[in-house]
Amino acid sequence: MGDAKEMAVLDEEPTGGSDVREWLSFRLGKLDYAVDILRVLEIRVWESTTRIPYSSPFVQGLINLRGAIVPVIDLRLRLGLSAKQPDGETVILVLNVEHPQGSRTLAMIVDQIQDVIEVSGSDVRSADRFNLNINERFVYGLMDVNSNMTVLLDIDTVLDVDDSERHAS
Amino acid sequence: MGKILTVDDSVSMRSMVSFTLREQGHEVDEAENGQEGLDKASADHYDLVISDVNMPVMDGIELIKRLRANEKYRFTPILMLTTESGLDKKQEGKAAGATGWIVKPFDPAKLTAVVSKVLK
Amino acid sequence: MTDPMERFRNVFFEESAEAIDAIEQHLLSIALPNVDNEVIHDIFRSAHSLKGGSATFGMTRLAEFTHVMETLLDSLRNGERSMDQDIVDCLFSCLDTLRSLVSHYQYGDEIDGQKVDSVRHTLEGLLSSSAATAPAQAASAIDEDSSLQWQITFIPERDVLKTGNEPLRYIEELAELGTITVEVNTNAIPSLSELEPTALHLQWHITLDASAPVARQDLADVFMWLEDEAELIFTPLTPAIPSVAPVSPLPAPAEAPAAPATAQNEATASATTPAKETPKRTQQSIRVDLAKIDSLINLLGELVITQSMLSTFSDLDQYPELQRLQQGLGQLERHTRDLQDGVMQIRMLPIDFCFSRFPRMVRDICKSLGKEIRVDIVGETTEVDKTVIEELTDPLVHLVRNSIDHGIERPDVREENGKPRTGVLTLKAFHQVGNIVIEVSDDGAGLNADKLRKKAIEKGLISASSVLNEQAVHELIFAPGFSTAEQVTDLSGRGVGMDVVKRNIQGLGGHIDVRSTLGKGTTFSIRLPLTLSILDGQLVKVHGETYVIPMLSIIESIQVPQDKINQVEGKDVSFKWRGEFIPVLDLAKTFHCPRESSFEGDPLIVVVESDNRQCGLMVDELANHQQVVVKSLEANYKRVDELSGATILGDGTVALILDVGALIQRVKVH
């Protein structure tokens, strides 16, 4: 797992200006995505899950996280990308999600961990002008990282598993 | 510093008394009624006993009488902790052998002062 | 660190809730005109500690209110007045006031000042009607005289040492007021042969020189504890204000008046004690935050998992030295199980926590309905998991209200029918093979099958031609839509029907029955698992997936030849079991299992039952039968139909627990 290296990078970096926040970027298909690092509780190697009957296709199943039952979302399917067999680089990000009914722990499967990036408010661009092919509710903004476009995800909507009942889209 | 037994059926009262006294460096044991107080006192030795008056199982007056009947506690200071500023309870307590009384409500400073006086 | 005072305050709040509940219990136990003295003492003691605590923690309004209450109770205790209905009623209304005052201090809730005042007026009214026999508090005008110089004569009694008093301590304290000159009079010391070492024979004459005037009261305060055990004469030497003659306190009473008084109280107590048993003393206990216990249970769940994971290392042939390890593992397993039992025990509370509210509730409702009902409680010490108690309360409230409203008749009607005027409502709890059974019964009118049947036909729940035995008709009251509308009185209220009660009970993994005899009464019987957090489960495999079926709902598991299962369009629909056709659910199809079955042979059918309906669940194989720790799916996910939760297995993976009731319901819908 590559996260130890990433953590080392994180340690060296000075905590920048006031509105600079750190995001954890990862790869999904050909594109980079990122989540607010303060929401990341844990990075785990891929493991098999227990399928939940009647669940949406993007809900991969359940894992046991030190005694807690945690649902795992296949982020590829959630964002409308094609499915992919897990490989040696596939990891599970465990995240803290704010839900209307309180704070929850959910996990999501991503292809590969990339880096810790610094994001300041002025760097974030609106996603309106791009056709990203993903539900815009999921996108917090876009960011240019070494001329690589990174999609900053709004994790609370991405991991809102019963949103279909609230958004009939 | 002395070893003190505090007897009260009210947990909040008891813990406040023992907290205050432990802060002062005393060693404090607790009992929740007269009977338990008597048992603890008989099994151990205390330099001072502070007891509530109204308690289930065995009240404070009875506890004082029993303690005074015990050779070990003939001269040990025993204070009553009571809201009843009325004469009857004090006299009853004194007649049973109480050294003195502390009237509830009291603040920690007052308790500390009285205890250090008695233990001097 | 939290402020310790804050902590004690919180303890006090818990205590006051208990004290108020205790007062309520005692009040309910009073059957006038006989009043057990011990009951009054206990009520007094509770009010008294409320007063002491609230005063100490600066809760003035609560302290003032409890003071008035205490005064009234004190006069009852002393026999100055006797308990009557007015007082009982007034004390009941005090309870509500106490609760609102406590929650004011605890949560900052608004106080209804008028209400508090009105209850207080009632109290004071009762007090003044007893012509305030309280002795005029030593209001003897405090002598205000003070002086810079005092002459003090201090003659302690011979036995003063025996109360733990040390005369020197008082003299030292006196020294804090100014400079003192002490003269000891040893004249009274007897000859050595007569000397009693524990007696005091000394007298002191002390002169106090202070820099600021010292009041007589200050001196009296120093010797306060000894005022009855010493002769004290305070003489001002340079009076600042014209002095009064030296005050010598009354001599100590020759004998303690206490003992005979107590004896007398006991005598009257035993004379008036009715056959009623006194409430049990609470056992020793500590308060623990439920969250702490839950985290302990979670940890224990982990331990159970680790333990069963270790026990899979059993390849003895390959590693003979494993034998000793295995013995250790066997022990670990036993200890883990014991520990699990023990920890679960911590969550268990006597059902009394739930039952205790009913006497008061029934009393209040009876008052407004003009009915006379006695509540009998049996088995209140039966223990059950705290969460079960919480979930049980609402259904029980409904059943009790139902009995009062519709079960027990008015006193005159009862008399006409040759029954005693007072109806009896019985709440009973007992354990039965891993379950708790709770019964709510009344000796009222009973269910009228003809009426029920007519109503069910009117409501279209059954057809006029349907043949139902009496029991089946009785059970119609649980049918959805049966007991709403008409039954909504202001008491049964909220339009909640028996169907909701039944659903709630089933939601807890239990079931409810009714037994009734016309004219004799009705009994509702609720059966629930003892705990909601641990479940006795049968693990089953379905196309490589593992599910847990609660043992409670399994009747049997049988292998059924494929050709004995009736199929419609290739779907298994039913098979004959014990002479009757019951529906079959293929779990793999029901749950859309994506994988193929690796299993061959005749289908295995687990016959399950809920709500008196059976169903066969088709599975590939049966795995372990074990206790599982139930975890909610809703904590991080959402409710899933036909599943009641999840658990973690020995290998650390998650398995889902079937909601058998919902699965059977599904068969009916399809």
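Order as written gives the chain letters A, B and C; numbering starts at 1 within each chain.
Throughout what follows, contacts are C-beta pairs under 8 Å (C-beta built on N, C-alpha and C of every residue); 3 or more make two chains touch, one makes a residue touch a chain.
As the structure is a prediction and not an experimental result, all values here were calculated from the model.
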Top of the farthest list for subunit A, CA-centroid basis, is B
Of the chain pairs A-C and B-C, which one is connected by the greater count of C-beta contacts? B-C
Between subunit A and subunit B, the Cα-mean centres are separated in Å by 63
Could you work out how far the Cα centre of subunit A sits from that of subunit C, in whole Å? 46
Using Cα averages as centroids, what's the distance between subunit B and subunit C in whole Å? 30
With touch defined as at the start, can you tell me which subunit C residues reach subunit B in the complex? 4-5, 7-9, 11-12, 14-15, 42, 44-45, 48-49, 51-53, 55-58, 63, 137-138, 161-165, 169, 172-173, 198, 224-225, 228-229, 253, 255-258, 281, 284
In the complex formed with subunit C, which residues of subunit A make contact? 48-55, 61-64, 66-71, 104-106, 161-162
Subunit A partner, complex, touching residues on subunit C are 298-299, 301-302, 545-546, 590-594, 631-633, 635-638, 640-643, 646, 648, 652-656
Contact set on subunit B toward subunit C in their complex: 9-13, 15-16, 19, 32, 54-57, 61, 68, 74-78, 83, 86-87, 91-92, 94-101, 104-106, 117-118, 120
